[in-house]
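First chain written, first letter: the chains are A, B, C and D, and each begins at residue 1.
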Amino acid sequence: MSSASDVSFLSPRSATLLVAPLGALLILFFAYPLILTVWQSFYEGGFTLRAYAELATSTLFYKVLRTTFVISFTATLVSLLIGYPVALHLSRQSPRKRTFYLMLVMLPFWTSILVKSFALTVLLGHSGIVNQALGFISGGTIQFPMVFNRFGAIVGMINYLLPFMILSILGSLLAQDGNLARAAEVMGAGPFRIFRKVTLPLSMPGVIAGIIINFTLSIGMYITPALLGGRQDMMIANLIDFYTRQTLDWPMASAISVVLLLISGALVTILGRVRGGAGVMGVA
Amino acid sequence: MNAQMKPPVAPSASSPLDKEPALAHLAEPSTPNAAASDAMIEVRGLSKLYNGVAALSDVTLSVGKGEFVTLLGPSGSGKSTLLNLISGMTTPTAGKILINGTDATTLPTNQRGLGMVFQNYALMPHMTVFQNIAFPLQVRKIGKDEIRQRVMDVLKLIQLEHVADRRPRELSGGQQQRISLARCIVYNPPLILMDEPLGALDKKLREGMQLEIKRLHADLGVTMLYVTHDQDEALTMSDRIVLMRGGKIEQQGTPEALYFKPQTVFSADFIGSSNLFPGKLSKDKGGLMLRCAAGAFDVPAADGAFVAGSAAVLLVRPENIMVETPADASGRQQIAATLKDTVVLGGIVRHFLETPAGEQIIAQELNQPNRARLMRGDAVKVSWRVDDGRLLPAERA
Amino acid sequence: MTKDTFRISRRSFTKGAAVAAIGLAAPSVITGRARAADKSITVTSWGGDYHKSVEEVFAAPFTAETGIAVQLVDNGDMAKVKAQVLSNSVTWDIIDAPAAFATSGAKENLWEPLDSTLVATEGLLEKPNALYMPLYLYSGGILWNTERHPDGKHPVDFAGFFDTEKFPGRRCMRSLAPETLEAALVGDGVQPKDLYPLDVERAFAVLDRLKDNISKFAATTPEQVTSVSQNEADFSYSYYNRVKSAQKSGTPLDFSFAQTNNSLDFFAIPKGSKNKEAAMQFIAFCLRQDRQTAWALRGYYLPNTLKSVEEIKASPNGGFLPDLASGKNVVINAEWWGDNYTTVQKRYSEWMIS
Amino acid sequence: MTRPLRTAAVFFVPVVAWACYLFLLLPSVIVFPISFGTGGEFEFPPRAFSLELYRQFFTDAAWWGAMTQSLMIALMTALATTVLGLPAAYALQRASLPGAGLINGFIMGPLLVPVIVLGLGLYLQFAPWNLLNRDVSLFLSHTMLAVPFMMISVGASLRHLDPTLENAALIMGASKPAIFFKVVLPQLKAGIAAGALFAFLISFDEVIVAYFVTGPETQTLPVKMYSAMRWELSPVIAAASTLVTVFSILLAIGIMMLQRKEKQQ
């Protein structure tokens, strides 16, 4: 029986006071713009569903939406598949070594996403370093087209997304009680079984948080796919940008935003219900 | 044999707010009772509801200055809630708390001037041992030199001067708990609350710490309110034990009183081990007799609450039960039983027996060498002196 | 010239008035507030070297002459202009608007009408609209790598660009429809003078034939250049000024003036500007022959002032000027795009991703 | 399990990890040599090495001005994120507020909304309020974007923080503000540092909202790079980026050394 678990350290009043400044900021700078956006999608001198009706019949919208999902899903999946072993590797290091490796993971954050995109074309391009190395090894016969196609778009995206995935999985790996894995080992479980039965299930909150963060970041990205992707890799954010800045059709831009919001909201709700998803929101 | 929460049965379990003095209803006379004026803690009609569920209902209690009182009870009995209410970490739904004569019912925790020792030590991991102990003094804006002096003094008192510059996590559990104690006594709070402070220590360390806490209590003359669910610890340390059950006080008194004169089946069962024979009372010659599954027993003289025809429970402590071969029969309460098992606990031997009716009986005796051993399955007689039995009111279902 | 502003400004003022008198600017604009040294106008720009050129060629001399400070703001895109006009909080006075922007802005009713005297300005290559003033033209054409594709191995006109048998190789194209459709139609044999209204169906049919050879759709000019310089494409549609700066740094690129699309860039004044008069004055100033010449030489643009065109042609540096009279070069019709941009661009995007 | 499979399993994790570190690092590292090119073009490997790009960067006020502007906005963002996010995270953890789940979801919201949506919304909002082209609008917008990261980072540290420590301090007579500063804050240092670093980097690298909100005096480095891209891909951005990388690495090392020193004390 713990002495404090049933006791709130802060009264609701002082807690409200502490949350209020942030709440005010978010109402002004987050909720209000969003409400404006939703309003914008329905209001053109009067209430109308024109934008939504136009969206419903737009093949461009459907195609771009599909592309966005395929790309975001792939990028998220790949960064999960790569990110998990990396997080595992990090979690097994001594704290000192881990800090060093974490710096390697964080380094991409220090470089502007614009610059990095160009750097990736230098690396992966036709005359890029990787292809030159391949050409050298194979005597000039092997070359892979790695940029200006979907591969390039996804490589660019996961370069940006991976640290988010790694950090959120690492968090839940480090929070695990090492004794559990040891206990499983004592009971005769092999490393695979321990991973499958103990480590993996316990890290699910981090995995789900990582998936949510990666996916929502992905569906909002467009500069990287535009710089590194091929002609088909147009993202929904591109379309929003198109309506916002080029055709000034803000109701359309807003309607697309609303659809995007609903989709990411649904995703968060669904994933949040998966076991362990309660921790997704980070704080509670 | 039943430690679950049940409605209380003992008449002493609670008392209405208007009944003064607070402890007048107690049957036990040996309590170092205190008049209201020199009570360190006075709790009157205290209740706490969590989401409509009572964690504590209508509790009245007084703790005298310099007294060592233990709150004992199973999980969920309300002892931690009571402690939290006294410390001010939570506020009561109803009732009043007086600390050192002043009303502290709504006083913020940090103005109550209490000390507290926690089960998990609650040492600040980012501070050294010295900084930890100095913390309450710094809070009180005491000068640097005096802080140094007082911290080193308490460190000397607990014989841990050499760890002053270490961090808590570099110390053993026992050392950490002593630091935690030192941090508490360094600012001389008149009242120290202890929330299962030894729960995380191993047996040997625990026993050492029990003695150390007792020694500090004696040396400092401070009032201590101690929470534990360990009956042995409560029996060892306390001037008075307050046994709690289901948010109410079941019984309170000295360790002896609680052990030898429990007033309810719950008390009897929670403290020490016990043989309980539920049955029905009937008149027999001059006295009463209890009829139960195991047979009919004479019962010790009891007060007017026990009349013929009422249900009652007879308690016999295992150490009062003799196990004999049938030939040894002499003029005591006697029943036939079969020996199921014998456990030797160093100096003590414990027998587990079963009556023909299927009742379990535990008997305990000193382990003596050169004694004829009983074998498993032996038919034996168990007996006890009538006066060693104690009659308890039957539990209401 | 930029130094010692106040003293010079008196002298320049008289000079400016004289210039105005010969018809390059409206006298009515000059009168009144021009002397107010604390006056300032905000002009939008597009960042980078472009921003610097505007600063050097137009803004600083204008301030020196009139005492009106010019503040350049980057990224003055249409969305921001619309938001300002809608919310009635216009802080910009002149918008540097590419064609589609100027015409869509007119449809959205974002522009202040220009002074009639300004509209009546004579000697311009492209006539002004009542709402926006053409300032200069920029030429888009074909770019290649001179090392990988020496003379004869690369297209020089749109017909060659769309002829994959004659010039096999990967193409990089704009991700925007304007200029691209024109190039496609001209590449298919349409005479530049017969282009408008554009035969959109035919243009897409031509684009369909080329599609498999397009390795990159570039959203920005630098991407067009880097795609060729980094060997991700063999030929690209691009702009001379950008190619020129790459050449300067030693990258083996070249650009063909044999056939170009020439797009107009406009100045327009957002509705509700608080410094209309000064803004008109600035536009008039930018159209002056000396400014137009300086601008064209600085950024390899085609000036919109005829005298300036003649001046540059006569000079030894005039090699970059496309000959609009040759019949081979296209002038992009801003009005047509103003009417059709949204529909055609949507179709183009759809075509691009399918 | 067969032996080769087991061997593969043993090597799998470190091999993937190292490949990943390499993949994450290379694009950043390759910018270094590019930044020492001769200017003019983005090229690798450079034809010759020089400090030309750095000269261009430091002699052009538009470049280093944007850089200092970015640094300032990012610092303010990190500060505001901490000042606003930390008390909120603490309050949500230590009080049972009605609707805490909803409040949490709301605070995490900016993470779940595509940035372009927010960019336009903010622009529409700021224009009539005359809040555009103000440092305060930009850093508060960035604060909004970065707060979820602070909440996640501090939330993780808070969950490891034993609440009995605060109760112990309370009983010892400390006031709640004193407890926050002397007991809670020192233990959250790592989490706060991580959150503030995230906030700094998010602000420093943010293009889209900054593009909408900034004006001539508030132009940040990413916006400057982004708008420069329209007409030129100036390799000066390689120099700018290298400077930022070196600066950030020094910052990170500084924080690490600080933490180590603290541990030794």
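In the analysis below, contacts are C-beta pairs under 8 Å (C-beta built on N, C-alpha and C of every residue); 3 or more make two chains touch, one makes a residue touch a chain.
Owing to the predicted nature of the structure, the values given are computational and were not obtained by experimental measurement.
The most distant chain from subunit D, with centres taken as the mean of CA atoms, is B.
The interface carrying the most C-beta pairs in contact is the one between chains A-D. Chain geometry summary: the mean Cα position of subunit B and that of subunit D are 55 Å apart. Subunit D has its Cα centroid 38 Å from the Cα centroid of subunit C.
One finds 91 Å separating the Cα centroids of subunit B and subunit C. The centroid of the Cα atoms in subunit A and the matching centroid in subunit C are 39 Å apart. Subunit C has residues 79, 223, 226 in contact with two or more other chains. Residue positions 42, 120, 124, 164, 167, 170, 176, 226, 229, 233 of subunit D are each in touch with at least two other chains. Within subunit B, contacts with two or more other chains are made by residues 89, 118. Listing the residues of subunit B that touch subunit D in their complex gives 87, 89, 109-116, 118, 120, 122-126, 135-136, 139-140, 183-184, 187, 193.
On the side of subunit C, the complex with subunit A involves touching residues 77-79, 82, 100, 104, 108, 175, 214-217, 219, 223, 226-227, 230-232, 341-342, 345-346, 349-350, 352-354. Residues of subunit A that touch subunit C in their complex: 58-60, 63-64, 67, 118, 121-122, 125-128, 147-148, 226-227, 230-234, 239, 242, 244-250.
On the side of subunit C, the complex with subunit D involves touching residues 42, 46-52, 71-75, 79-80, 83-84, 86-89, 91, 220-223, 225-226, 229, 241-242, 245-246, 248-251. Remark: subunit D residues 38-43, 47, 62, 120, 123-124, 127-128, 130, 132-133, 211-212, 214-216, 219, 223-224, 226-234 touch subunit C in the complex.
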